[in-house]
Every structure is written in C-alpha cells, then in structure tokens.
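In this document, chain identifiers A, B, C, D and E correspond to the written order of the chains, with residue numbering beginning at 1 in each.
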Amino acid sequence: MTTPLLQLTKVSKHFGGVRALHEVDMAVHAGEVVALVGDNGAGKSTLVKIVSGVESPDGGEIRVRGEARRLESPRAAAEAGIRTVFQDLSLCDNLDAVQNLFLGQERYGPVWSGRRVRRHVMEEQAQRVLESLSVKLRALNTPVVALSGGQRQGIAIGRALISDPAVVILDEPTAALGVSQRGEVLDLIDRLREQGRAVVVISHDMKDVRRVADRIVVLRLGTKVAEFERGGYTPADLVGAMTGAHETNDEGGEQ
Amino acid sequence: MTTTKAATNATAPETGPTGPRGIGRAIETAARGHRSIPVLVVLAIIWAVFYSQSSAYLSFQNITNLTLQIVTTAILALGVVFVLIVGEIDLSSAVLSGVCAAVAAGLTVNHGLPLVVGIAAGVATGMVVTFVEAQIIMFGVPSLIVTLGGMVILQGLILVVLPPEFTISVAGTPFAKIASTAIPAGASYGLAAAGTLAYAGYRFFQHRERASTGSLTSLATVLVPAVVVAVVLFGGVFTLTQQRGLPMPLLILAVMLLIAWYATTQTRYGIHLYAVGGDREAAQRAGIPVRRMVLYSFLILGACAAIAGMVDSSRQLGVSVTSGAGPLMLNAIAAAVVGGTSLFGGRGSIWSALLGALVIGSISNGVQLLGLSTEVQYFATGSVLIIAVAVDVVLTRGSLLPGRRA
Amino acid sequence: SILLVAACGGNDAGDGGSGSGSKLVYFMAPNTTPTRYIQQDGPAFEKAIKALDPTVEVKFVNAGGDSNQQLAQANAAIAAGAKALVVVAADPNTSAGLLQAAEQAKVPVIGYENPPVKGTLYSQVIFDPEKVGAQQATYFADQVTSGKLGAKPVKVARQYGNKGDVYTTQMLAGQNKVIDPLIASGDIQVVCEDYIKDWAPDNATKATEQCLTKTQNGVGAFFGFYDGITAGIIAALKAKNVKIPVYGGQNPELTGLQYMLTGDQQDNVLKAFKVEAEAAAKIAIAAIGGQQPPADLVKDKIDNGAMQVPTAKLDATLIHLQDGKDPGDAVQQAVDLGMFTWAQICTGPAADTETCKTRNK
Amino acid sequence: MTTTKAATNATAPETGPTGPRGIGRAIETAARGHRSIPVLVVLAIIWAVFYSQSSAYLSFQNITNLTLQIVTTAILALGVVFVLIVGEIDLSSAVLSGVCAAVAAGLTVNHGLPLVVGIAAGVATGMVVTFVEAQIIMFGVPSLIVTLGGMVILQGLILVVLPPEFTISVAGTPFAKIASTAIPAGASYGLAAAGTLAYAGYRFFQHRERASTGSLTSLATVLVPAVVVAVVLFGGVFTLTQQRGLPMPLLILAVMLLIAWYATTQTRYGIHLYAVGGDREAAQRAGIPVRRMVLYSFLILGACAAIAGMVDSSRQLGVSVTSGAGPLMLNAIAAAVVGGTSLFGGRGSIWSALLGALVIGSISNGVQLLGLSTEVQYFATGSVLIIAVAVDVVLTRGSLLPGRRA
Amino acid sequence: MTTPLLQLTKVSKHFGGVRALHEVDMAVHAGEVVALVGDNGAGKSTLVKIVSGVESPDGGEIRVRGEARRLESPRAAAEAGIRTVFQDLSLCDNLDAVQNLFLGQERYGPVWSGRRVRRHVMEEQAQRVLESLSVKLRALNTPVVALSGGQRQGIAIGRALISDPAVVILDEPTAALGVSQRGEVLDLIDRLREQGRAVVVISHDMKDVRRVADRIVVLRLGTKVAEFERGGYTPADLVGAMTGAHETNDEGGEQ
C-alpha cells in the first residue's frame, strides 16, 4: 500500500474536562475521498482544526506524506499542502469577495513593487473559480458581509482550491448551498479525486456521503467507532454506527 | 453605538442585476474608495462657518498656519491608524515622539553629529521602542496596558535622555532647518507637476493592465482622477507658497501619506493588514502571519512618532520634558477616528489621519482666531468636534458608503 | 478645623512611621514641568541640608501635576517616618487634604513656592508671584511709557498661564496692578489675550500664530508670563520671520537666558532657587528640631485661608537687555546666582553669540 | 494581541462526559466565577516584592493609606467597567467628576444648602451629562469622539461652575465629612457580621432554590464561600480600624460594589449587559433594547463619576480646576483592563474595578514609599504595571480560565 | 378563507444597487407550514430579516393577524409574536448555553428583586427543550463559542420556541444538524403545525421541504416565481422554478 498523504495516529484532544477526541486514527491517500461522519459534537470539526493547524492535539501523531509534522499553525498546514474549508467559513467580513478568495494566497508583483497585488489577475481567476462552483455574485468587490449564506460558503470553498493543495478538507461544505451549487461541489470533489488529491469531507447528508466517499470514518463522542469502505456498508450500518444503535466495524474490530 | 440596522444597511453597494454595468460600477468604485468625501464636506462646513465669523480664517497666512499646526498630529495619527487597523491601540507614541526628538536633537545640537545621523538615530529609537512594545503585546498583554506602561517609562526616559538642564534649544542650528526649510515656488510647482504626472501614469498603467484581461474601463477613469489630483496639488502649492515657499514639514507629510497609501491599498501587505484587523482568527486561518503584521504596524508607528517628534521640536525650536506631552496623543487618536478609522480594527484609510487632523486643527485654529474667552473656547472646541462627526454620520447614512462604528 | 482636631483628638497617629531615629525629610515636587524643582531646587535643597546637618536624609517625590498623587505621596512619606515635608503644591487649591493628613500625623509642612492653602503650615518660603508679575509689568510699562515701543497706543499681545491656576491668578493680579492704568489711559491697547493651556510652549506658539493672523502682524510687543511661554512666542515669530519684541520672562528656563543673548527676549525675572532652597533647608532643620522657624528669615506672614503662615518672602531679581550693552551683563547675574553655567547657556541658539565667544571659556 | 490558539483554547471548561459530575462542576463553577484569582495572585506578588524592600509597606498605616488612595480610582473604574462591558469607551468621566464635585461643594459650602441636597445635585449633574453623551452616541457618533469632545466641554464647564476664584475650599465644612467620617471599630465589626450573614443567607436561599428543582448542590457551596467572605470582611475591618475606624469612603465603595455585583450577575439586566457587549447585532435580534442598555451604562458611569468626584474633593478638602484632571481618567480605564475587563466589550466583572485599582495603587504607593529618584519611579511604575499583567496572562493561560483579549 | 397570521404584500428591498426582493407576496396561516426555497442569493434570508424586524423593507406591507404592522425592530417582531432562527444563528458567543437559549426572554423574579434571574427554572426548562431536540450538551453553562456547529444550531432553534410564538421562522434550521437532530426538527415542525402556529421554513433540502411544507414559495433573483400547494407539484417542477429552467406557477399566473 502507498504512503497516505495524510495520516493521523492516536490523535487526542481535550478541552478542559471535555474529551473531544480520543486516540483517533485516520489515513487519506492521494486520489481518495474520506468522509468523516458523526453526530453533532462527535469531534469532527475538532479533528479538522487539528489537521489545519488551528488547534494543537494533546497527543498522537500527524504524518504528511509519511513525514511526522507539527502543524503548529494554519500557515504550517498550508505549507504542508493542506487547505481547509472551515465549518464557520472563517471569512474576513471587512474584505471583499476577491480578497477573501485569495486571502493569504494573493497574486502579486515583484518585491521592488512592494508586492503589488495583481488585482486584475485575481479578478479574472476568481470569476472562473466561482463560475465552476455555480456561485453567482453581482460584483466581485462586494464585501462578504453583504453576501448570502450560500455565496459565502462558495467563497470559502473557492479559497481552499485556489492554490492546488494536495490535501483538501471540507467541513460541511454544502450546508448552506442551493441545489445546483451543491451538485457542483459534489462534482468538484470527484474532480479533486481524479486530480490525485486527498480529500476529507464532513457532511450530515448521508446521500452525499455515499455518493462521494471512498471510505467513511465514523466518530462518536470523540472516538472512532467504525470505518467503512465504499460498497461495504448499508445505510443502516452508517446510522447505526453514528448513533450507537448497533456498533459495527468493517475491520472486524469491536468497541 | 451604531444601531444594528444602520450597521447592516450601511454596507457597500453592488450594482443591480439590471443596472448599466459600466456607470453603476464606476459610481460604486468611486464611493468605495472615497469614504473620505463626507469628511471633506464636514471640513468645508467648518471652514465656511469660521470664515463667516472672521475673514482672516481663510487668508493665505492662516491656511499656512493651519497646515503647519496639523503636521505633527497628522504624522503621528498616520502611525496610529496603522495600529488601529490591526485592532490595537497606542498611548505611548506621543511621549515617544518627545524621546526621539531628544535623542536626535541631542546628537545633532549637543554632540555636533551630522543632521542625518541624528535623524536616523531618532527614527531608530522610535522603532526599537515600539518593537519591544509589540513583542510584549504579542505575548498577550493588552496593548492598552503595554502602551500605558510604556508611556510612563518613556516619561522617565526623556528625563534621562535630555541633558541635565532638561532642555535642548535648537534655534539657529541645522536641526531647526527640518521645519524652517521652504521649497521655493518654482521648485514647488515642479513637484506638483511631477506628482500629477506620476499619478496619471500609474492610473494609465492600471487601465492598460485591466484592459489586458478584457475588463472594460474607460479612459475617464484615468483622466478624471488625474485632473482632481492636479487641481489639489497645484492649488495647494499656490496657496502655500504665498508666504515663504512650500514648508518642508508639509512635504514630509505628503511623502509619508503617499507611501502609506500605496502600501495599504496596492500591496499584499495592505490586504493582510485589513484582514488581521477585520477578523484575526480568520486571518490566522488563512495563513497570514498575524503577529508579524501587528509588529509591522507598531514599527511604522515608531517611525511616525519619531518623525512627528523631530518635526515638532524643530518647529518649536527646542526639546524639553513637555515635548510629546499635552493633548497630542489624544488628538492623534481622535484624528484617526474622526477621519473614519475604527477603534475596533479593520476599518479606516490612511487619509483619515490627514482629514481628521485637519478637522481637529481647523476647529482649534478657528476658535483661537475668534479670540473667545477661555471657557467659550473649550465649549466651542468640544461641541464643534462632536457636531462635525455627527454631520459625517448623517452624510454617510444618507449615502451608500460604509458606516462608522468606532 | 476645630472639627477635624476634635475628630482626631486622642488618637495616636502622631507617632506614625517606623519609629526609627533617622531624620527624614521629603522634598515634594509638583511635576517635572517646570523642571526647576527636580533639576535645581531639589538638589540645592539636599545640598543645603547636608551642609547644615549631614545626618538628615532627603528623599524626593514628584506628583506629576496631580494633587491626589501628592496627597498619596504625603501619606507614604508619613508612613515612612518623615520628620518634615517640604511641599511645592501640585495644586495649591486642593492641597488642604495633604495639610490635614500631615497635621494629624504631627509632621510639620514647609510650603515651598506654590503655597498650599487652607490648612496648617509650619512656614512658607516664596518668591511672591504677585510681586513677580508686578516686576515684569513695571519693566514692561517703562518701555511703553518711555516710547521705546513706538507710538501709543502700543498694541500688546498678552499670554497668561493656565486659566484657573493659582499662579496665573496671582501673577496676573500683579501684572494688572501696573498694566491696567496704562490700558485705561490708552497707552496700551491689548490686541490679543490668551490663557495658555498647561503653560505649554506649543500652545503659546499657536496662540501667537493666530494673533498675528488676526491682527495681520499688527502687534507692537508680546508680553508673556514665563520663559516657556516666551519660547513658544519666539518660535512662532522666527518661523514667520517677523521681529516683534518679547517681554515677560520669568523663572528662568535655559532657553529664556539663551534668547536674551540672541536678543529675542527682553527680560527675565530670576527666582534664585538656591536662595529659596537654602532658606527652606534652614527652616526644615528648625522644624525637625521642634524649634520655631528662624526669625532672621521668616519675617512675614501670609494668610492662606486657614492661618497666618509665617513666611520667608524672597526677592526676585529682574534682568533685562539694554541698548548698546552686552546682553551677557544681564545674564551674568543668573550665572552668578548659580542657576546655569555659561557652558550650559552657550549651546544651541546662543552658541554663536558674541557673548558666548567671550564668556564661555 | 492574543494569538488565535490561545484565544480558542482558553474558553471555559466543561466537565468531561465521564468526569464525576459533582466535583467537576464545582471546580468549573469556581473557576468561571473567579477570573479574579490570577489578579489576586499578581497583587500578592506585588505586595511581597515591595514589602521585601520596605517593611513599612504592609504596616496598618500604609494599608489604610493604600485603600484610601484607590477609592476614587476604583469608584470611577466601576462606572468605566459598565461602559466597557457594553463595548463603548469613555474619556470624560474624570473631568466630569471634578464638575460634579464643584457643583456639590458649591451648593453645600458656598450656598449653605444641606449636604444631601449638594450630593443629590452632584449625582444629578453627572447623570445629566452622561445622559446627553449617551444620546449622541446612540445617534451614531463614536463614544471616543463624544467623550473626548465632552471632556473638553467639561474642562470649560468647571471654569464656569467654580466661583470666580476658581476654587472651593471645603475644610471644616459638612462636605469634608464625606471622607473624614470613620465608623468606630464596634460598629464596623457589626457591619462585617451583617455582611457575612446576608451573604450566607443568600447563598443558602440559592441552595434551596436549586434543590427545589432537583439539582444537586452540596451545603459546602454555601459554607465555603461564606467562610471566605467572613475572613475577608473581618480581616479587612480589623486592619482598617487600627487607625481611626472604618473610613466612610471605603464603606461607600463597598456598598457600590455590592449593588453592582448583584445587578451584573444576578439579574436580567446583567445578562443583557453582557449580551450587548458580546455581540450587539445578536443582542438586538434577541429583542434586547440595545440602546437602552448603552444608556443605562452611561447613567451608571455618570453617578459613579459624581460620587468619585465628591469623595475625592472631600478627601483633598477642596475643588479646583485640576479636580478630575491628571492621570485619573487613564488610571480608571487601566484599572478596569488590568482587572480583566475587555476594551472590546462583553467581558469583565465589576471586581476588575477594585482589583485593577488595587494593582495600580499598590504599585504607585510602593514606588513612592521607596523614595526612588523621579526617573526610576517612572521606570518602576511603568514596568511593574506591564509585568503585573504579563504575570496574569501567564497564570490565566496555564489555567482553564477564559483568557484576556483587551 | 381565514385571515393569515402573517401576510406580506408587494414587499421590496434594495441594497444599494442590488434588488434583493421585488414585490414579493406571501401569506402564512395558523397551522400551516410554508417553505421558502430558492437558489443561493435568491433573497430568502432578506425576506426573513424583514419579517423579523432586522431589515426594513423599501416598499410593501406586512400584516400580522390582518393588522398592518411596522416591524421596526426584532423586539417589535417578537411582540407581534414572531420568532426567528436566523441563518447565522445570531448567538452571543460570550454567554453560555442557557443564557443564549433565554436571551431576551429570561425567567425572572419580581421588580423589587431587580428582576433577579431564576436560573434554576431556566436550566430545568433548557434541559427539556434541548432534550426534545436531541441536542446533547455536556454542561448547560458552557459558553456557546465552545459548542460544535450542530449544538449551536440546536440552541438557536430552542430559543425561537421557548416563548410560545404564534409565528416561527426557521432559516435553514437543519443545515448543521446531525441525522437524528434533523429528524427531531422536522418532527418539531409538524408539532408546531398541530399546535396551530404559522411556520416559515427555508431549506435547500428538497426532501425535507416536501416532507414538511403545506405550501412552497419559490424565489428567484428576488422575485416570487412560483407557489406550489402540497401535492400539486413534482420534484422537477420545484427545481425548474428555482433554477429558472422552466417556469410554472400553480396559481395559473405566469412570469
């Protein structure tokens, strides 16, 4: 088996007395889409934050392309090739759509120009990215506060893709999207897989999960309770694992 | 407080789905770039009111007075704007300006070093102090506390830096030339012409750049602003050279504003600056080096404080323990806020330093010119300040410009 | 005051402090501006004390212009076992609380220069501000009446200190006693009148600029209140390249003497801090020793609203430029009084003056 | 700045899913309610350091001095805390305190009206001024500008309110009794006992209330805090009655803190106050009368300013143009922030006024006691302030308490 | 026909040059669930904000129980019996779960007690409300910043229900919810109908919409383009109206 692009081993995280994650293992290979599912409060977003350098784990190990990494900041994660769409989107309300889309990844001129921003290049590219997501904005220089929930989510997704990341993490990327935008994002995930990227996607929509995921990791109360391969489960298995109604693990292990 | 409604409504405009794209877009761009316009209207009102009370108010002499009176505040406010944009506050830079002036004047006047060395040492002092402050702030101590403590320490430091007689007189020394140098009318017009050309050139370059990607911009977006800039520059030079040529402090301020404008609006640095101030967590998650941006702002403030201090003491012909004391600090912060910069970070332009200082300076200049009694001067100064910003609030509300929440 | 005595009667706060036998005196400066108190008076006082009794220890505090702070400092000094307090009131009008605290602790207070009012003082040393104002005004009036300032009425721009300050009020009373008749007679026409906030030079500069604009440079003379204000006036005049004589120096500050050498400032009133500090030292020693204030010094009484305070009134010296004479002659008196050395004075603007070339060796 | 990580991590704790509910919950509640503990540790360190330098520092006499010195700052800071919690700022209340004192003393001393009338007029003045300020702020003018303009106007007003000699001396008048009244030891112990009983009673009432809905709380949640309160009250009374009985200003401060504690933590008003400061838009959407809450905070500030001013002038035995000037304003704001109140709204407790004033007062008292030279005093004051808050930052980080971001 | 509980007539709203809503009519009766659907940026949230008193309309009329009303603030809307779950949730991050749940609707004691908050009563009731929504919190005094996305959404929904409103408006209430929580919310909507309340629900999930809605109002680019009664449409009709692929209107009108 190839080295996973991203590999977590026994990752744990406590918030004060709350055990948000307990010794969670997870691996994502190039060209693979892994879905992370679980009930509200299961620890999915916490896991995402750890992999994105937003939170630091209490224990465990993270390997990127087989190399152990301390992702001590989102910057470090980005440098390791990991880009994330956060559940709360994490946009800067005072900046406009283009600025948000390229935030931290601006296209700019030479140092002697003071890293002058090449706004026209960014606008052009923004147009293309947003079109590919079916996101319609009335003007690219609208501050994002003035955008609708779905438009904002579109920007957040666009941002994660703009610089060809090796690993893309999407925390409930379709929650606020309309029917066609949702379709585009699911197609997009397929394309990301084809491009050989590693994708982690969180969703509460089991239909979407079943459609895109090569593998499904189920969290419950911070613990990994099951892992299913594509085709290796029934919808009931999935819901059962999430809610704890009956517990399965396709690896044969038990909880 | 800004009521919720106002805050929500007062976000920037978009063109309608059906609106004529070209015109709508142009108006919109103009409006977005020119949050300053209401402040200019306020300024015009203030000038009209004082002029109606005393015609000397708009004499060449008084306009020159006014511009010189505001330079120190404007330069310091410029530094303060950078710090406010990243969501921090500063209370120490006024006293710091005194310390830097003491260092610079001490080396130049009392130790006979060349003026450039003195100036360099002054700027270095400013930046070292704000560097240290920024480190402590990044450690987690609120900037209000760090800079309040810093202010107290600097009040002690100026006693140490000054010679035992606690004063340095600079009249008649090279140091006095910083403020007293005047650029002759001819050269000044040359500068205005160069400025206009450079600006028009840059605009034209942007126009070509856009055209290359197929965006539609008309040549009017080059010509109209260029004409406005020409009028402002030549008008300014004409007015200010009526007395003794263009005063050097104004040129210093102009150059600083120019650099700051470019850095905050045209570069990657500028976007990151606003991002950090708008939502620090989101900026961090986007991979922006938040701490470094905060540090940069404080370093800029340090340099501005030093320059403000040196210009001021050169104008006052001396440095003493009162240099940088008095209302300078509050005036600089107020100038930034009057100009539209938010105390809560993420909002404001560098023009707010200039415009705010002009508003505050115009009020105090006018009130003093009228020769009112001390009490009435206090009443007038305070109320006109409040009314000026209230008028700005009304104007901004009526328009499509982003509202203020400071 | 009876009430207060009654309120604390019989308590034992009097022996407050650490009870150590050390003889501790506090010199309580009001602020760092003017600098004379931390730069000159304080050190001179300590020197004088040491000369009189080397066993007495002197400590310095500075209230930063805040009466509250000064009250806190007095309490701290009492707690630390001070045997006497020499107080330059940060704000005489709100210093009664300090006097009361000291009285309750039975620590004698010697008022120094800015007189604390409405409370019990052991004694006071002072260059009477009213007299200083009168001295400035008398000299200025002479210049007006002698015709040196040109045809009458002479157009005068006046700049006072901070409005509401005791010092402003008293100096102004002194000046007005002399100037008012000239205004009434039409010899003087006051064209600008400004209270200078915080006595600050930059505020004086601005007031000067505005006055010149208002009068279209129609000012015959500027008449200030102290050297910081005249320095501000002179900075404005120099920037505009206008030559208008400036009067009304006082204290002096180093710049005031320098500007006399360059001919920019006409006069100064020297308040010989050394004289004042030595007087205070003698009185303090007497106070520590539980004696009466020395009668050879303390000859007057002033009413501070609560009592007749035994007072040493000191004479200030007016110096001024004279046509055709070396300004150094006038400034020499300040050097003789030990206020500044020629080496200090001959810097900055004064460095290239003739006087300095001859006297600064 | 607070780094993102710290800010995110440093949120309040929850008990673990498996953790023993009772104990976990108790610890958690204690920690949540006691953001003050790190500040207390800082205070203890400051005291220890100064005591090691001078044994007089912790003498009964000096402790009494210290407590009296901080009363004015603490009362004003209390008002400032309310304004900061709703996300506004104030610069005018110190000068306002002088104006109110002038009104009250003028009526009492110069016009011979009864003390209560004077005090009422003083408080009314404070509240009228802040009422007007609040109206303008609610109109949309930033509070920094309104209160800066207000400060300037009030500086003029005090010249008008004071009699022509610009001073009112209150020595020997009933007005002086505000500060000089001392409650004899016996009565003071009685007050301490009453306070302890009332507190224990309230705790017990809460305990019963919870029990009635089946929540589990042990009697220890009544007894432990009651014992702590008893120790603090009796210890305080013992210490402070060593000199001349419990000083009235302290009693005033204590009563004000008590009322403020109840209002901010036990009532609907308190929840709304924090909601408005935490997220004004969200508060508005939840139907909270945001403007009214801002107005309330300013009215409270007005009353606090008036009381602070009257206590202060009664202590200084006089009112003058310098009353309320000087460092009082910055000290009050700094006290609030040192105590843990955020400049950005929504965070802070009323104890921060007391604790912050104590930290600042202890530093300045100690520095003065040591009789250092002027420069060194400045250095020490500034650095100890910064270090004190830095230590608090370290302590808070190490614990589970909410971090600071001011 | 009975007077609708909530009736909008020709409601319009512009933001600068953006026409967010154009002469939209809508009526909701007691015991009726109306779904508001449309693409991202269609104007759904804007409509919600107008009805909740957050935004003021540029034109048109709003009637509550037949009476014309100016809902000039959320407070006024609440007094008219309208409670809303906003798309952005609008929670106060610095307050805890219970405080947020009851914000503006606290249970408090008499005036002489200074309106002392009856925390124990609120906690007890909070417990019940959250249980009914299947929201699991580890402690009721957790500040809401520390909650997961779904937990936050649960609190926001709970808040809208706590004081028996006549009209409940839910802007994408299930976006962040887990499988079981989503089920609870859909059941809850049914219960609200049974209790005779008027419910407006926005969702991008057509399955959910079909399940709960008695009537469906479709917005596109700020205009009402269709209105369907339960049973009177096919899924294709719905998607067609939203995306503009083919335009229908069950009232027989045309666009």
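Everything that follows uses one rule, which is that a residue touches a chain if its C-beta (ideal position, glycine included) is under 8 Å from a C-beta of that chain, and two chains touch if they have at least 3 such contacts.
Every value quoted in this text rests on a predicted model; they were computed, and no experiment measured them.
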Legend entry - Most distant chain from chain A, judged by the mean position of its C-alpha atoms: C
Legend entry - Farthest chain (mean CA position) relative to chain E: C
Legend entry - Distance from chain D to chain A - Cα centre to Cα centre, in angstrom: 46
Legend entry - Computed distance of Cα centres, chain D from chain C, in Å: 38
Legend entry - Whole-Å gap between the CA centroids of chain C and chain E: 73
Inset, instruction - Would you please write down the residue numbers of chain E that are in contact with two or more other chains? - result: 15, 17-18, 54, 73, 138, 146
Inset, instruction - Send over the residues of chain B in touch with two or more other chains. - result: 4, 8, 11-12, 14-17, 28, 155, 159, 281, 284-285, 374
Legend entry - Contacts with 2+ other chains: residues of chain C: 32, 38, 163
Legend entry - Touching residues (chain side chain A, partner chain E) in the complex: 15, 17-18, 38-42, 44-45, 87-88, 135-138, 146-151, 153-154, 172, 175-182, 204-206, 239, 242-243
Legend entry - Interfacial residue positions of chain A with respect to chain B in the complex: 52, 54, 73-75, 78, 84, 86, 90-95, 99, 103-106, 108, 113-118, 120-121, 123-124, 138-139, 141-143, 145-146, 159
Inset, instruction - State the interface residues of chain C toward chain B in the complex, per the touch definition above. - result: 32-33, 35, 38-39, 163, 192-195, 197-198, 200-203, 205-207, 209-210, 212-214, 216, 228, 231-232, 234-235, 238-241, 253-255, 258-259, 262, 264, 340, 344, 347-352
Legend entry - Touching residues on chain D, where the partner in the complex is chain B: 1-4, 6-8, 86-89, 91, 136-146, 148-157, 159-160, 280-281, 284-285, 290-291, 294, 330, 333-334, 337-338, 343-344, 374-379, 381-383, 385-386, 389-390, 393, 397, 403-406
Legend entry - chain D-touching residues of chain C, taken from the complex the two chains share: 1-4, 7-8, 11, 13, 16-18, 26, 29, 32, 38, 59-62, 64-69, 71-73, 75-81, 90-91, 93-100, 117-119, 162-166, 169, 305-306
